[in-house]
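In the two complexes below, chain A is the common chain; its partner is chain B in one and chain C in the other.
And then the complex of A and B:
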């Protein structure tokens, strides 16, 4: 095919190719431009809406990290400082002491300290906490609900798709701005822009 | 307007504040002067790091293009690749990557409530822009997923052309599904099945680790299996690279058809010269081409129709649909076993009718999306066939602009390259 080699043929091909190249660049610019209108300068991170969480214990096993980046957090302001703590003690335990077998937490991550009669303070040792939500469930069903799960952002590696969010049966996971990354119980939410995992439907 | 915003804000505060928080036990009045600890908040690494990442990406893309096209040095490309593996893979732990960003971009298009970080947009666009100018230099030296696979290419085997063509269609399907799932808000498929994140995180999540290892072992014999037969971003890069202004060449000069480079590419990305045609040989291609062009609309409709039939099972990956189906089963008495999903839903107190409405909305989106996906795949397959019937005269050995990853392995097989290197060293060949 000698005509293939003619300069005219090559001109035409490179003309088409250049045109397509420019079109592709423009399309890319369009995509970038449009998404920039829905963008934020900061980063978005994952967080648990504690009001939606049903304490299914998946947070402990589905995180890509071990132990999980999800930890139990204590809203002291909501706590009743109870002597019999639904989050600390095994249900039905006779001994209201600090013995390991009377504790609910599988890793004994909750520390109990005497404040004054009859009040006890409960502190979570987050190094030990595995995010299993057993205590959260206990406190929610028998106490004030002052224990709840949150993603700790010094640990979380901010997966683009959080593996826990993917498996959460309560759709409790939302994306929140990185500079305001907590949804604490008993606090007024400042981040109404939080986006739910399953979108706007 | 202002009033409206105030009103919405008030409602918002009201809703979040009035959430039933059971105060079973009163707040104690401490007498011992005990002070209540405040809430502890720890923060993610500062956003300036994100900008460092973008800067590193930009510099790496520049260097990769420079090393591949100008410097023509496999050694430099390799070093850059190792750096990217360490930085983007192990240090940044893999997220967000260009491949995954496809989904954030798709979601941002279809979900008004989703805000996408600027960094993600940069990770999506920059490699493509570079590919439009210089080919897939991102794959050569910047992508951490490519890098980890590149390291284990020990005994690459040649596959037949036909197999390569067929397997090469998978990324289009994967891309289509990933966009569909992201756009409908179902899930981020690419992230879920990212084969190497297990290594980058050292997450010790067993299943992930087994999967990663399996893909790497496969990569010993099939060079970069994820890149060639799965990577959805590779599809976009391929499109951009085919149109690229400049591209890696095997020879620095003119090809002398010595055939030495023919088997040097582990990715089967080198196109060989087309055999001469006898004068007067009938051109079968033309008739096939016309036939294919006539078939195209039919295929598009068939593809769209076939995939829209799949939309119901596909939509089950969406949370709302999953829950709605379970609730329907329970409410119609078809099952007595409740699941965590249905229990969680009943706990929210949302009326079932609303759930069904939402599910119907998601399903209708899936229907449209699946139709488009089917039509897209039909176009892809037909274009592939059309491309195969088109006969283009090629005289030289050249990298296939779409498939070539600009890795620079073939350079050293070219005798002309050796001449160039010698000349660089100042050895005159004429002596």
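And then the complex of A and C:
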């Protein structure tokens, strides 16, 4: 196959995607930094293993906070930016628009923005997200699984015995180091620090 | 007078007490039944139950045979002109005869994602980013030059003259001659030629050749099928995004297609696992396999069809190939 010698360029979509990834990374990095200042080295905190999560809604109703400290997170690099989004649209919706009856999210926490035909960007409004995982299930069933749940450690009060972890039917709540407290979809994590122990914080 | 007034008061008091008691009983019952609902149901359930049940009168096919492949991971199937079935998975290819018995098998250097067989029984396999060619006896006859970086071959279709390779990584179909020489690209976005470009959000990107020799390519991000000339001109397209039977569900479906001898389309989907037949102009005709036939979460329902119109469906989770025959000519 002949080598492609055309100059590399960034189209609008990849520019936006890269920008969003950077923003998300900076935001989560900031939160991680905030968390580190509240913890000392060796501390462990709770997190959800996205690969074990079964989207059962327990995270929405068992957290001691309301709304829950569990929020939906979007891995933009995995997203297909689809017009018909399994995580955004109600199953069987007649119109692919932003009308309330077309939306899956019970709290209108996902914003849908037109990028360019036929791509749409989906962002989570964390203030509205209750961590019910309805969108996570839809995205995982029909899409790439770019939506997943995470405990936001700028919100979590770090209960000694997390009430959601006690009620998780999938053993998806694991202990992770406080200085690296997020488990991202598609991320290769070196050491298996995530364990399902129900130990101390 | 006083006696009469007292008796009216008593009746009123009794009536009010009865109304209050009935109200309290009703509220108590309601709160108890609400609690039961809350404990037993997930209020945030992602519910697609309504789409899992298919009315029996819409299923015009019945499963007549199930061939267990014996493979742990099943990736692709193909059927030749003698109705021999080829299955690839676990770094090997197994050939079953028309009766479903194992004819032969051979090993591959790595797992092949897809397989195609031409009329001369030459076997083309897509292994990650390159094509390997084998003869019917399992002898490797050629290995084509790897595609670009990040290429990922998900489907191959072989006509008497050409081999079409679907590259999900680069979202393009490549047309080769039988010796592996690249002839042209199909599907590059080109507004002047009214070619929309392929959108492939996930690694399911299928190609098939119709009885007239034209190539059909799934444009999964648009939930449509597009028909191209060998030189890459767009001839037609059809498809609707919908969970209802007339359309294709989710962000990227159909995941696989096959062509019947009369030019009808067989399609399979992921997310809402179902196999359907659409006629030559894309109208829904029949369900072949309803969602409830498959384990929830099954993906990779590769398809093939033989000259008699039998439909072969790879069921990777069950580790088998299901064969369906038309049993009902009722039209919807």
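List of remarks:
Just so we're on the same page, the second predicted complex is superposed on the first by the 152 of 201 C-alpha atoms of A that agree within 3 Å, B and C clash if a C-alpha of one lies under 4 Å from a C-alpha of the other, contacts with A are read in each partner's own complex, and residues count from 1 in each chain.
The rule is simple: contacts are C-beta pairs under 8 Å (C-beta built on N, C-alpha and C of every residue); 3 or more make two chains touch, one makes a residue touch a chain.
If you're wondering where the values come from, they're calculated on a predicted model, not measured in any experiment.
Contact with chain C, but none with chain B, is seen for A:137 once the two complexes are overlaid on the shared chain. Once the two complexes are laid over each other on the shared chain, residue contacts for A:68 go to neither chain B nor chain C.
By the document's definition of touching, of the two partners only chain C reaches A:104; chain B does not. For chain A, the partner touching the most residues, choosing from chain B and chain C, is B.
By the document's definition of touching, both partners, chain B and chain C, reach A:56.
By the touch criterion defined above, A:91 reaches chain C but does not reach chain B.
In the superposition on chain A, A:83 makes contact with chain C only, while chain B stays out of contact range.
In the superposition on chain A, no contact is made by A:47 with either chain B or chain C.
Once the two complexes are overlaid on chain A, the chain A residues touched by chain B in the first and by chain C in the second are 1, 4, 56, 79-82, 142-144.
In the complex of the two chains, the chain B residues touching chain A come out as 9, 12-13, 16-17, 19, 21-28, 30-32, 34, 36-44, 47, 50, 93, 95-97, 100-101, 103-105, 107-109, 111-119, 121, 124-125, 128-129, 132, 184-188, 191-192, 197-198, 201, 203-205, 208, 239-240, 243-245, 277, 318-320, 323, 339-341, 343-344, 347-348, 358, 361-362, 392-393. Against chain B, the residues of chain A that register as touching in their complex are 1, 4-5, 17, 20-21, 24-25, 28, 31-32, 34-36, 38-45, 51-52, 54, 56, 64-66, 73, 75-82, 115-116, 119, 121, 123, 140, 142-145, 152-161, 163, 166, 169-171, 175, 178-179, 181-182, 184-189, 192-193, 195-201.
Remark: chain C residues 42-48, 50-51, 145-148, 182, 199, 201-202, 221-223, 241-244, 249-253, 270-272, 297 touch chain A in the complex. Contact residues on chain A toward chain C in their complex (touch as defined above): 1, 4, 55-57, 60, 79-86, 91-92, 96, 104, 106, 118, 132-134, 137-138, 141-144.
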